[in-house]
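Below, each structure is written out as structure tokens.
In the two assemblies presented below, chain A is common to both, partnered first by chain B and then by chain C.
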Partner chain A sequence: MGRWARLVLPRTYMDRQRRAGFLFVLPAVAYFTAVYFVPLVESLVGSFYRTLPGGASRFVGLRLYELVFTDSAFWNSVWNTVKLLALSVPATVVLALAVALGLDRLTLRWRSLWAAMYFVPFAVSLVAAALIWQWIYDPVYGVLNHALSLVGLRPQQWLQSLDEVLPSLALVNVWARLGFDTMIFLAALQAIPREYDEAAEIDGATARQRLRHVTLPLLNPHILMVCILELIFNFKIFDQVYATTQGGPAGASQTIIPLLYDTAFKYFRLGEASVMAVFVFAVLLAVTLVQWRIFRKPVEY
Partner chain B sequence: MRRTTGGAIAVLAAAVLLTTALAERTPAQAKKLVYWTHWEQNPEFNRWYETKGKEFARKSGYEVEVVTIPYQGYEAKYLAALMGKTGAPDFFNGIAHQWCGQYDFCDRMPPDLEKVWSENLPKYMRAWGQWRGVTYGIPIEHGNFQQMYINADLFRKAGLDPDRPPKTLDDWLAAMKKLTVFDPKGEPTQVGFAIRHKGHPVGITDKFLPFAHAFGARMISPAQDRATGVANSPEMVAALRFFGDLVTKHKVASLAFGNPEDAFGQKRAAVIFRESWYFGWLKKNGPDVSFRVYALPCGTSCPGAGNLFPWSNLVSKASPNKHVAWDFLRFISNAKDDLEQHQLQGILPVWAANLDSSYVKSRPDYASTKEMLAQPVPPNYYHPKSNELATAFGEAVVGVLYGKGQPKALLDEAASRMDRILKE
Partner chain C sequence: MPLQLSPDRWSNAENYREVFRRERFARFLVNSALLATVSATSSLVVSALAGYGFAKFRFPGRDVLFFAIVGILMVPFQSVVVPLYLWVNRLGLLDTYLGILAPDLVSVFGVFLMRQAIEAVPDDYLAAARIEGCNEWAVFWRVVVPAVAPALATLAIIKFMWTWNEFFWPLVVVNSPAMKTVTLGLIGFTNMYFIEYNLVTAAAVLSVLPILIIFLVLQKWVVQAAVMTGLKG
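For the complex of A and B:
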């Protein structure tokens, strides 16, 4: 009797165990298949078809890849995404680590209070947060320019400036993600046995040396995971851009996912949008695998 | 484990049976026609369909349910629903060359209704709701061409006569300079013109086109097959230079001001170009603004009554209720209902005979509407890829406003992109 047949008609205790295990994971597998795998395959297939007026599709081979990859607007959006990544990810990870190290030293009561405060932005809807920040950044009525005027500085254009729009969006990302990353680091720090730190201290290591040679190496898997999560989050940025700048001004904040969205739903070019989706998937997969292989070091407490 | 698995299956089966039994016992739902619109700025207008739907229900058994889709991103929701068919509206507010042209989602209008509307629409609107000569939709917004709203108080304060608006672009620019007020640091605290510079490039193109038309330029060729030599013509370059100079050279418009509508409503801008619906919006949101409405100033040409978005009511081809939807539209296709619905929201009616109703005559844009309708009809861009074309073009416009490049270079680049879009 084959493996699958024994799942349907179990004969032994182990068969029944396997069937129970299979049934337990089935909802998750079904969900993953319906929500992620099928659309992924659809996108891949769709990237070879052009939608014609009337809604019919025609196989065009690699023509849409050629169109997308020779389009300056596409590469402009990729470049903006990379710049946003470079501005957001290191700042978020370093700040989250610093905050977690600080919180780790507090008593439980204060730690919980501060941790909750840092976590609140993560619980806020990204669109709502983006709209709040849009008001904060408003050149005329915004609190940020008001604060600058109090210290005698000139008002800035923030989201309405070619040069300031990406740093401004990066700041929103850092604010939104800081709490989540901090929680991961804090949980990881709490899991590290205190004996390591105490042993290093007895051996005469300074606080900086203990951080560099004891804490950070033990946090390596978590730092890597947070970096990957931040990379994916920032690469897929959509809500903030769409709710605030819609890619403007003059395309200065046009990142890849909003461009994909416009291509699919504003210009109705589903094939080209599928090419972009495949590109995003391939890039994220490649970067994640590279990060995983190069930077991941096994850790044992 | 065997018992647990068996129990789970039994519970699941019971749940399915219970759901089925309940579904069978539920009384039949009231029959409804579902209407989708993205006109979130016109709630009274939208609600009228529901009110009228109750009256329609007495003879047909169908009420009307209005679903207002937020404008930002409405295309995605429409597309997903119309493609998926389930959850799609029976009829909807849309653009014929997109939903009936690029996609085949629309049902053809019955001949009797087509006759009614062709006899009762203002001439310039007859092409709306059509794609390749076939009529699909009923135009719903007369006056969605831009007109010049001026703040009468700010005009007087600047020594200008609000009853004598600038008629040419040169006079208009001179007036804008007088209407702009700077603080000691040289930043404008009040601008002459509320310029659209934020948001999607399609909207920015829409607001720039009257300037382009006033310079005798057009966005794409009359045959809608090319942009090079048209979108980057010397006339278009001159128009865009004029538009950009409003911000960069003359500083009579500012990028620091947010939404132009808000700036005008807050009396921080003296002039705005907007459509007839803005009259109703302003009455509600800026009731203390003393305003007048005039025809747009002319350059070498007059901008005329043109638009980028010819909104129509369209019926979904896949709807099982499409005949009822047409019946409903037939039910409201008369002068009385047209006037009632548009008056509720403070927008101009569509039915030609209503343009001389006392309501329209009492509106501040009555004379300007007549004046603009008397001007030559400007080019239209009712192409299935109008959104994409307008985006490529709008990137050049906004690029000039933000000092990203010179008009000629940016328009050359835009024209090349637009050619590619047209070719594909």
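For the complex of A and C:
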């Protein structure tokens, strides 16, 4: 191919420019190929091989998929992940929307105060945050049970309870993501021209009607985007679980990524871990494709 | 037992001293600072180069390569972690700085950010420099880099913070206490049966402190960083 040859041996000024451009992007392209593209293919291939004791591996077709997809521990982790999503995604989005709508009416000073608060979860590692939350949740020494006792309620087991562990982790996620999502909504709200709201007001629409029929429809794409971002964030939960419950008690908070980690690096079943890796990739790919489908139609104000 | 929120004495630093006595926490802080600095630096260089290439040149395959790189955003890191671990193992890099850094040297976000920023640099500036006799390398360093300094500062802060807070990958590759990062050090104070909250919270505060200092010193850039990541997702 002539044009490729001319990248190596440029003849004209334009050839040299093309080569320069190619060389500028080369380090990044090489790096991402080595760290993402090659390992991704290897994950796919690896999910068809079983590693034997001694290091050799053997092609086993879909056997490992069968093994993983009939394993109750796998479905338990998928189910827990779904429950976590159901608990934290709607809560985060609704809360962030409410806060953003409130802040939109406030002065700049209050908005920057919120921005400062938003930095806290943005800067603190999820590990440090989760450990502090574990303290808050502690059945004996925790602030939360102390607060319950002050209003005469019985203490709860929180992270150590089969029923409360997922809601407790969901609350940590809401805390971690609220500021971020609020910022997205706030930016979107401020991009909406005031005239729409004013026009509806002049036409006699109540505040509630304006919110429902003017503001929220205009925010629709942002709400969807935040939902998908939260879906991905919660789906990939690892740090918080590993630092606090390690999937316990009795597997009640074992989600998909911690299970993948245990499978690969605790039990060294690399083939099965690769199957889970492919599963995680497929799910997130599907989510992203749906997102593209929906976002193709731009919103015009 | 009555719960007390304020400390007995504000000058009581015993927990902090115990954190350093119990674990090699100073070493962890140094490790994390070193790793985060290197990853921020390498990220700046490679992203700025690629950003310039993607924004200001035409060459065969440019758009395909750019979309392939942006496409990585939908590949969860956990989907590539097993092969990556095997590679690091094969190359003898387990439990080394280079091994911990391997997946953190460049981020897709950086390439994307720098391409956006460099696209906004007027072509006339570049043309003027070329007429003055600059080659592309000189145009890059003397015109492009100064013009996108704010975006570079933003990227450096974000990348430093991301690497500082990284947990999953160090957990996979680090074995020895000497190579632990701060996040790994933190979970050293917990175990399933008993948690010394006084030490955990002291260590958590220590882990956040450097980031907090960066915030205070570079406040202006941090606000920009937060807004950018907030908008870009």
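Before moving on, here are some points about what is shown:
Definition applied: the second predicted complex is superposed on the first by the 251 of 301 C-alpha atoms of A that agree within 3 Å, B and C clash if a C-alpha of one lies under 4 Å from a C-alpha of the other, contacts with A are read in each partner's own complex, and residues count from 1 in each chain.
Quick note on the criterion: a contact is a pair of C-beta atoms (placed from the backbone, for glycine too) under 8 Å apart; a residue touches a chain by one contact, two chains touch by 3 or more.
Values in this document were obtained by computation on a predicted structure and should not be read as measured data.
Contacts of A:Leu7 after superposition: chain C is touched, whereas chain B is not reached. In the superposed pair of complexes, A:Leu162 makes contact with chain B only, with no contact to chain C.
Legend: residue contacts after superposition of the two complexes on their common chain; A:Ala191 is shown touching neither chain B nor chain C.
With both structures placed on the common chain, the touch criterion links A:Val124 to chain C but leaves chain B unconnected.
Shared-chain residue A:Gln17: touches chain B and chain C both. Of the two partner chains, neither chain B nor chain C is touched by A:Ala86. Counted by residues of chain A touched, the larger count belongs to C, out of chain B and chain C. By the touch criterion defined above, A:Ala98 lies against neither chain B nor chain C after alignment on the C-alpha atoms of chain A. When the two complexes are overlaid on their common chain A, residue A:Gly251 makes contact with chain B while staying clear of chain C. When the two structures are aligned on the shared chain, A:Tyr267 is found in touch with chain B, with no touch to chain C. Shared contact residues of chain A with chain B and chain C: 17, 19-20, 23, 138, 141, 242, 246, 248, 261, 264-265.
Taken in their complex, chain A has these residues touching chain C: 3-4, 7, 17-29, 31-32, 35-40, 42-43, 46, 115, 118-119, 122-128, 131-132, 134-135, 138, 141, 143, 146, 180, 183-184, 187, 225, 229, 236, 238-239, 242-244, 246, 248, 257, 260-261, 264-265, 270, 273-274, 277-278, 280-281, 284-285, 288. Listing the residues of chain A that touch chain B in their complex gives 16-17, 19-20, 23, 53-55, 67, 73, 138-141, 154-155, 157, 160, 162, 242, 245-252, 261-262, 264-269. Within the complex, the chain B residues that touch chain A are 1-2, 4-5, 8, 72-73, 75-76, 79, 83, 98, 101-105, 185, 187, 197-202, 255-258, 384-385, 387-388, 391, 395, 398-399, 401-404, 417, 424.
For chain C in complex with chain A, the touching residues are 3, 5, 46-47, 49-50, 52-54, 56-60, 62, 65, 68-69, 72, 74-76, 78-87, 102-103, 105-106, 108, 111, 136, 140, 161, 164-165, 167-168, 171-172, 182-183, 186-187, 189-190, 192, 195, 197, 200-201, 204, 207-208, 211-212, 215, 222-223, 226-227, 229-231, 233.
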